[in-house]
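Below are two complexes that have subunit A in common, paired first with subunit B and then with subunit C.
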Partner chain A sequence: MKQKKSQIRMAETVAILFIFFLMIGFGFIFYAKIQRIQFQETRSKNVDLESIEVTQRVSFLPELQCSSKNVIKDNCIDVIKLNAVIEQLESDPDLKADLYFDLFKYSNITVIQLYPEEKRWTLYENIKEGASYAFTPVPISLYNSTTNKYSFGILEVYYYY
Partner chain B sequence: MKSKKGVIEIQFNWIFVLIAGALILTFFIIVVQKQKQVADVKLIGAIKADLSTILIGSQVSRGTSSLVDIPAVDIYYDCEGYAITNLQAIDPGISFSPNLLKGYNLMMWSLDWNVPFRVDNFLFITSPGVRYIFIKRNSGDNTWDDFYESEDNPSFPPRTIIQDGEERILFNKDLMIVSEAKNYDFENENNYKIRFIFWDDNIIRNQRFSNLQDIPDETVTALYYEPDNSCSGEGFDCFGEVIFYEKGADASRKFKKWRDDDDKARSYYLGRTSLIAAVFAEDPEHYNCNMRRAFKKLAFIAQVYLDKVDDLYDYYKETNNDNCKLISSASTALHIIIDGAEDLSEDFPHAADLNDIEEIYGQILVLENINNRLQRLSCAEIY
Partner chain C sequence: MKYKKSKIFDYVRNRRFQTKSQMEIMGLAFVVILITLGLLFYIRFTATKEPSQVKETFTTSQKAANMLNSLIKTNTYCAGATITQLLQDCAENKDINEIFCSITMQESCEFIESTMIYIFSQTLDTWGDDYYLKACLWNTITQQCYPDETILSISPLGSECSSGLGQRESSSQFIPVNGRVLKIWLDICK
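Then we have the complex of A and B:
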């Protein structure tokens, strides 16, 4: 009889421990879920920041910016310099990796002239297959020093992560 | 028999409680430890992300200096970039700094390197805990005037700024006469690094700084600059040599060349921005590796301008604009710059590099002249 009683008491203790660990387990799963959501939010914020960093870097590239007597015009791309840069990068593929990979990593950077006529230049293309991307468009003016005319365009930056 | 069974049962209960208790305690200890690790990684990750944004922001906003508050973490700098603990380094581009940044704020300053067109912005980062002392020969010596603080030319940021209503140290600089520096109580100033900047090598070679003897050797360094003989005036905007020194460990208390090696201690500057870069660089290795990157970028950008010159010349030829055809004379200058910069990007600094630098400097003046003439003739400018 006494043995049975102790067996019941033992079963009770094991059950209490089981429920105790079960509750800790549930708590842990709940906590991990919250942590994951917070991590995703931070990651998303960081990706936005990285995307803006890449956009800032492109916007301030001296090899693209318009200048007069070395005075820089913000948000302006010199079309002749843009063509020259693209030509350089096409003639020497290593140059793209050497000079630009550290700056732009996995991105697709395109300059689009919208007015008076539509034109498109791909400055840098290094797409990560199957990855998500953040998109940042920047309105810019495009300057042609031969005709001394400005046109309106947009700088599109797709940052892959 | 019965009581023996009871004793075993009680003992078993205690053992069971002990094991279960130890298990629960271990579980919580592991959870707390893991949480601490995760929290540290999250904090460092957040600091890294913020620092990266600040660095890029500072790098692109040329000519501005700012004081940025940071958490009290040590930031290590080498040619790979800025690193906190063992996380991947942040590389903001061409940047010059002491090898260790500590404290609660950082001074960030960027300047464009123009040769004569803008090649890149050099980013300078230091801590108010690092002291920069410009040494004058005597009170009448005004060599540093245009370099230390000037409204007309790019010069070092002010010593202090007013931020949130209080005066704070932005750039911990001082201008001292050599006799004053020799007697100054550096030990009690709480600076974790001291960099002396000399223009007179007689002072470095002959003067004893015995007041520095109780300061650790590796925290005291010096830079000596010497413009080329062909340069006029102080030669800040010209080209020349920079020699890195460190505190001598011997009884003489004089400065000795970095690593006691004349070749390793010696390097070159081209223009004011690169001379300022040498002031901020920890040692010649850090300076040279960033200058190699700068010369590589120069070769690329000069090639871009060469293509632009060719395109503009073709256009002027087609439109029979004889006045503006002089743009073609820039081609030779750009070719020389490209060749020189390519050489320098590979093995800078070599003794022969001074010739390349001299040639580039000569072509900078040629290009400036052509660009000014093009502007006067209402032609498209090169840069």
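Then we have the complex of A and C:
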């Protein structure tokens, strides 16, 4: 009788321990899931900030900005400067790999003239295969200093992460 | 009083919970319920938090400001005039516009509207943004448009963005017209 009672007590202790560890297990799984969600949130916020950073860098790139008598015009790209930069990047691949990679990382930057005529320039292209991307469009003015005319355009930045 | 308490205790102990283990299980169940409730609250307030709005806020505010600034500077193929010059002509000579676009056979007022609609169809419509663009002669004293002096009004919604706080990103420009002021503004609805 005494042996039986102790066996019951033992079984009770084992059951309690089993439930205890089960609860710890559930708690751990739950904590891991919450941590994962929070990590993804932080990552998406960082990606957003990085893509904004790249967009701002292109918008304020001295090589492209319109200027008159050393006064910079906001939100404007000089078409002649743009053609010169593209030409330079094509003739010197090291420039793209060294200097511009530090600025634009993995991204695809295109300038599109929408009005009055449609035109397209690919300024920088470094696509990360199979990666996700953040797309940021920025409306801009395109200035042609030879004709002294402004066109309406879009600066499209695809940032790969 | 003492008698009453012991009577209740006896009732609970002897009638409802006949053994001590049953009472323990009830306590355990209570603890489990409390923990579950705590976890549910935690999920409600942390895991289901709204995703980051950093990029959206930045792009919307930049879109509104840059779009309007770039638009009014743009030279059109209507006599090489800028949108600003066309707006001025439309406001100054409302009945018979001075600038006539021979390519499209349109007067400045009509030409601005069709040009704006075309540009928006290639940009904001493609990006899925709702917007409201309006140009009117502005009364600087009442801070309102003069009645019947609206030059331009374009919106896919057919009306303004909802007026609540943080419901739109707005950008405006003022253009001088014959001693008066023409206000043009673009709201991008959120």
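We adopt the following convention: the second predicted complex is superposed on the first by the 160 of 161 C-alpha atoms of A that agree within 3 Å, B and C clash if a C-alpha of one lies under 4 Å from a C-alpha of the other, contacts with A are read in each partner's own complex, and residues count from 1 in each chain.
Quick note on the criterion: a contact is a pair of C-beta atoms (placed from the backbone, for glycine too) under 8 Å apart; a residue touches a chain by one contact, two chains touch by 3 or more.
Keep in mind it's a predicted model, so treat the numbers as computed, not measured.
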item: Touching partner for A:8 - first (subunit B), second (subunit C), both, neither; value: neither
item: Touching partner for A:87 - first (subunit B), second (subunit C), both, neither; value: first
item: Subunit B versus subunit C as contact partner of A:49, first or second or both or neither; value: both
item: Comparison of subunit B and subunit C by subunit A residues contacted; value: B
item: Which superposed partner A:22 touches (first subunit B, second subunit C, both, neither); value: neither
item: First (subunit B), second (subunit C), both or neither touched by A:63; value: first
item: Touching partner for A:74 - first (subunit B), second (subunit C), both, neither; value: second
item: Contacts of A:32 with subunit B and subunit C, given as first, second, both or neither; value: neither
item: Contacts of A:99 with subunit B and subunit C, given as first, second, both or neither; value: first
item: Residues of subunit A that lie at the interface with subunit B and also at the interface with subunit C; value: 45, 49, 52
item: Parts of subunit A lying in touch with subunit B, wherever the complex brings them together; value: 6, 13, 17, 20, 24, 28, 35, 42, 45-46, 49-50, 52-53, 56-57, 59-60, 62-63, 65, 67-70, 72, 78, 80-81, 83-85, 87-88, 95, 98-99, 102-103, 145-146, 148
item: Residue ranges of subunit B touching subunit A (in the complex, touch as defined); value: 9, 16, 20, 24, 27, 31, 38, 42, 45-46, 49, 52-53, 56-57, 60, 91, 93, 112, 114, 116-121, 296-297, 300-301, 303-305, 307-308, 311-312, 315, 371, 375, 380-381, 383
item: Subunit C-touching residues of subunit A, taken from the complex the two chains share; value: 23, 30, 33-34, 37-38, 41, 44-45, 48-49, 51-52, 74-75, 114-116, 134, 136-141, 149-154
item: Subunit A-touching residues of subunit C, taken from the complex the two chains share; value: 35, 39, 42-43, 46-47, 49, 51-52, 54-55, 58-59, 62-63, 65-67, 69-71, 73-77, 80, 82, 115, 118-119, 122-123, 127
